[in-house]
Amino acid sequence: MQDHIQIDHKDINRDLLSGVLGTPSWWLGAVVFLTLVFLAGIGAFGYMLNKGIGVTGLNRPIMWGFFMTNFVFWIGISHAGIMISAILRLTQAEWRRPITRAAEVMTVFSLMAALMAAPLVHVGRPWRAALWVFPYDFARGVWPNIRSPFIWDPSAVMTYLTASSLFVFVALLPDLAVIRDRATGKWAPKIYSALCMGWRGTPRQWKLQALAGILLSALVLPVFVSVHSIVSWDFAVNIGVEGWHSTIFAPYFIIGAIHSGVSAVAMLMAVMVWLWKLDKYIRPDHFDAIGRLLIVVATTWFFFFFLEWVFALYTLEGPELALRELQVFQWPYIFLFILFLMTAYFIPVPLWLFKKVRRSIPLMFFTTVLVNVGMWLERFLIIIPGMARKTPLTFDWGTYHPSLVEILMVASTFAWVALGMLLFSKVFPLIPIFDIKEGMVFRDEVKIGRRTIPASIRE
Amino acid sequence: MASESAAQPGKLALDTPVGVIRDLLGKYQKTGDAYWRAVALFGVLFALGIIGFIMRLSDGVSDKAVWGYYAAMFAFILTTAQAAPMVAIATRLTKAHWRRPISRAAELWTIVGLFNLILFIPLLWVLPSLEDGRRSLWFFGNVDDIPIYSPHIWATLALVFLVIAGLMMLWVSCLPDLATIRDNSSGWRQRWAKRLAFQWRGTSAQWNMQHHRLGILGAFYFMMLVFVHFLISVDFLMALVPGWIDALFPATHAANALQAGAATMLLTLFFLRQFGGYKDYITLDQMWLLGKILFALSLLWFWFWFSSFIILWYGKRPNEQAVLELLMIGPYLPVFMAAFILNFLVPLFTMIWNPLRKSLWGPPLIATSVIIGTFFDRIRLYVATYTVPGIGDPAVDKHGALAMDAITKANLPDLADIFIIVGVIGGSILVFLLATRIIPSVSIWEQRELLLYKVHKPFHRTEVMVLGKRD
Amino acid sequence: MNQRSLLGLFTDEDTAADALDALQAEGYGTKEYEVLTGTPYPEGTFGEAEPIHKLFRWPLIGAACGFIIGLILTTGTQIAYPLVTGGKPILGIPPMAIIMYEGTMLGAILFTVVGIIFESRLPRLFMGAYDTRITEGYIGVAVTTDEERLGKAEEVLRRVGAEDITRG
């Protein structure tokens, strides 16, 4: 970080608690709108429960469509929090400070959206889903089959959800104390006081906060790797569908998740600057840093994408080649494929190579939105064409058209995440207050001749 | 720490530029008896390797099964020595100051890359041409039209570019130090330093050029390294086993290299500290931080292995079961278990203990485990693969897969193989040792630069270190 | 125990550190006074001793518990309903390893969080003397001791230069 600010603690508290102690003018309208979209999705789900899966576009052979794509997409977005929070914490990157909490909270809500997007809805009888996942024989001595990736999935996703939520809570403790000290009214001070459990800010408590950050980061990172690996194995262990049985799926999905997740965080940063007027805390330097990270992540992702294609074609097997031909040369997939490549890599990355683009908030918002459009399409292009060419008998090849029910339910997951973030911002600060204050305490300068270089204190 | 050694009487003040330069030049210029004993030892081992190679040559190049150990040793050096410079490149990219004492030693391993390029040449005769119909990376749409020596040509080009990038990176990094040597020594050192220093005077323009070129060359080296691992792991390994389709394998091979490279550097640092006299520069910081990186890469080793394994295990396809049998659970099971334990279990269960991870001897010990594990891993992969019968053999259908009964018992090393193993390791270390005579093992200009950015100052009732960040 | 507490507020770090020194000179034990800040400082900034903790035991115990539960769950469920799927063994190590791994990590994380809260000496029911200005940048020196010794402590803090003194 080349420019840094020294702000009075009172001002920091006031700025960062403005959303909690007061309400921005646009907040209520946004919440109402998002709630309506979310309810529309719930309504569509209710309709589907009543009428059956036939109201969707799913049919033999394409049994997985929008729901599964959406599920993988949200699992991908959920990897943003840990990437920004844990990895940047462990590598002692100072620029993570304003964005860790927003990223972690987005993780928590994205995981819930993922659960809403697939496991709980797209199975034929969702009310029975818990029964075959939960390790108890609810009926006739039938226990879960642990050899199935669909049992690995819940164990991983629930572990990750629990871990992320606890991570958010532990890091929230000092800020809960700040709100406790500022809140007015009958119930608010009592609730915050109970939540922060009597935090006072002793050296012991601060030391354990620092250790908590590092230890929990180190523990959650392996979980984060395992979650998306397991989700990718939902597809990859399957030998029936062409284009799926590839060993590269685990790292490919993870790096894709990091790509879309970090892009989502960059989008979130832009939104925070525009809506909550937090431009003092989230500055062009932060966008520059995240842009440079994105170049590395995107290029690594592209390398894995390239590897996947090389080995798809390496065997020169007929069924695989038929699938790839569909994916790349036949309508409508040809259009989606080109759109995916342009939006996920070939438009954003060359733009990000320019410092001016990286430091421009509107351009970063625009390019990262493109990335997420591209990455949603990437999951679509892995799942649907593969299933369309699933069987060796060509008369069983199919097509897929999403119905309104699926579109509404997908939209509701986006509304859910946005709604969750807005509600969170009303109750807790989106930018970690103590992290910003800590950054200022640990800032210093080194004088070399006529130059003054920004520096940080290392204990 | 620099301040501690400055406090000792009789020691040059290591927190002044002149002190640092004089100290490091002094270490570089004198070579003790222990050094020459080491050179003699590794020279003897290298000579044994040459004998082994000649013995192997007498068997001819047509049967690749007997060249398995040779190929494994080439891959071993590719994985360890040629990946060691990544420690310097990655840390320079992240502008981490702790890399300063170790970056030169990492870059010096690129000279061993030149040695490995020479080792590679016989493999060009050992590897069959594409006429046997096996799959290859170079399919170009129409299988019949590809030149039959495509793998050989492309791999050679890639390896040559890798070595050139490495040597250029080493040279650009050395320029300021060569100028220091030119100005402060005499005899043959002064003559060579003058030739190589290319009129380095230390102007702003030269420093800027050097900074940019190092960045570009480092990035280029990394890309070439990944590309070389891609080509070697596919055309010189995977393609030789019909039915072995592992899209992750090039990445696994490269990730193994990153782990082994970090391990090679840890071991190098241990020896530089203990025997090179660099105790004031290579401190706990370097061991601990590189040790953490080694731990993370060991976890990565497991993740990449398991990602391949679960796919191959789950589907129960015959070709995949044959590959698992050949490489992991069949005749090479003991070798695989050794690699698994040394590359993953040992680092995992030891590096979670703070007293071991944050010590001067712990990380190098674990690095030794990882290097031995990598050795067994390369043996397992290359020896097993090279013993698979050629594609024209009736036991192997070129369109199908390896048959289970084509997997015979493990190929144990004969005397020539043992000589080759010993000789390649000895030769690599010999080349590295000789290189340290010409090029200082700790970068003088980077240590000098650190003094600009590092300040110790009091902070209320305690003392802290303040580290500046470069632009 | 007739423990009461007292809080002195200071505006800068050096005066607060002087206050801690003065309290120690007057014979107050390290368990009787502590410094409260609204932001973390480098260790030893106020001359205080390094806090000793046993946090690293918690993840190990949690991991062991999680591992055992994962093992029992995976073996138990498969022996209870042995259905061969896809030719894979009933007690196949790769799938068991995945679920046992998740159990281990979940156990480690849960116990770590409990450990962090416990080692931070939370929840703290007796807040004692506290001032909301601490989270605005003031530094608090809190003295928790018997009623008799509190008067002397107040005198010491005022002498060093406390902005304000609150009782709790």
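The letters A, B and C name the chains in turn, as written, and every chain counts its residues from 1.
We take it that a residue touches a chain if its C-beta (ideal position, glycine included) is under 8 Å from a C-beta of that chain, and two chains touch if they have at least 3 such contacts.
For clarity, every value in this text was computed on a predicted model and none was experimentally measured.
The highest number of C-beta contact pairs joins the chains A-C. The most centrally placed chain, judged by C-alpha centroids, is A.
With centres set at the average Cα position, the gap from subunit B to subunit C is 43 Å.
Rounded to a whole number, the gap between the C-alpha centres of subunit A and subunit B is 36 angstrom. Between the Cα centres of subunit A and subunit C there is a gap of 30 Å. Of all residues in subunit B, those touching 2 or more other chains are 310, 314-315, 459, 464, listed in ascending order.
Listed for subunit C are residues 41-43, 46, 56, 86, 88, 98, each touching two or more other chains.
Shown for subunit A are the residues that touch two or more other chains, namely 222, 457, 459. Residues 94, 135, 137, 139, 143, 226, 245-251, 299, 303-304, 307-308, 310-312, 314-315, 317, 452-455, 459, 464-471 of subunit B are the ones touching subunit A in the complex.
Note for the complex: subunit C touches subunit A at residues 34-43, 46, 48, 51, 53, 55-56, 59, 73-74, 77-78, 80-81, 83, 85-86, 88, 92, 95-96, 98-99, 101-103, 105-106, 108-110, 112-113, 116-117, 119-125, 127, 130, 132, 134-137, 140, 142.
Chain contact summary for the complex, subunit C toward subunit B: residues 13-14, 17, 41-47, 56, 86-88, 94, 98. Interface of subunit A with subunit C (complex): residues 8-10, 13, 135, 137, 141-148, 151-152, 155-156, 158-159, 162-163, 166, 169-170, 173, 177-178, 181-182, 197-212, 215-216, 219-220, 222-223, 226, 230, 434, 437-438, 440-442, 457, 459.
Interface residues of subunit B, counted against subunit C in their complex, comprise 306, 309-310, 313-316, 354, 459-462, 464.
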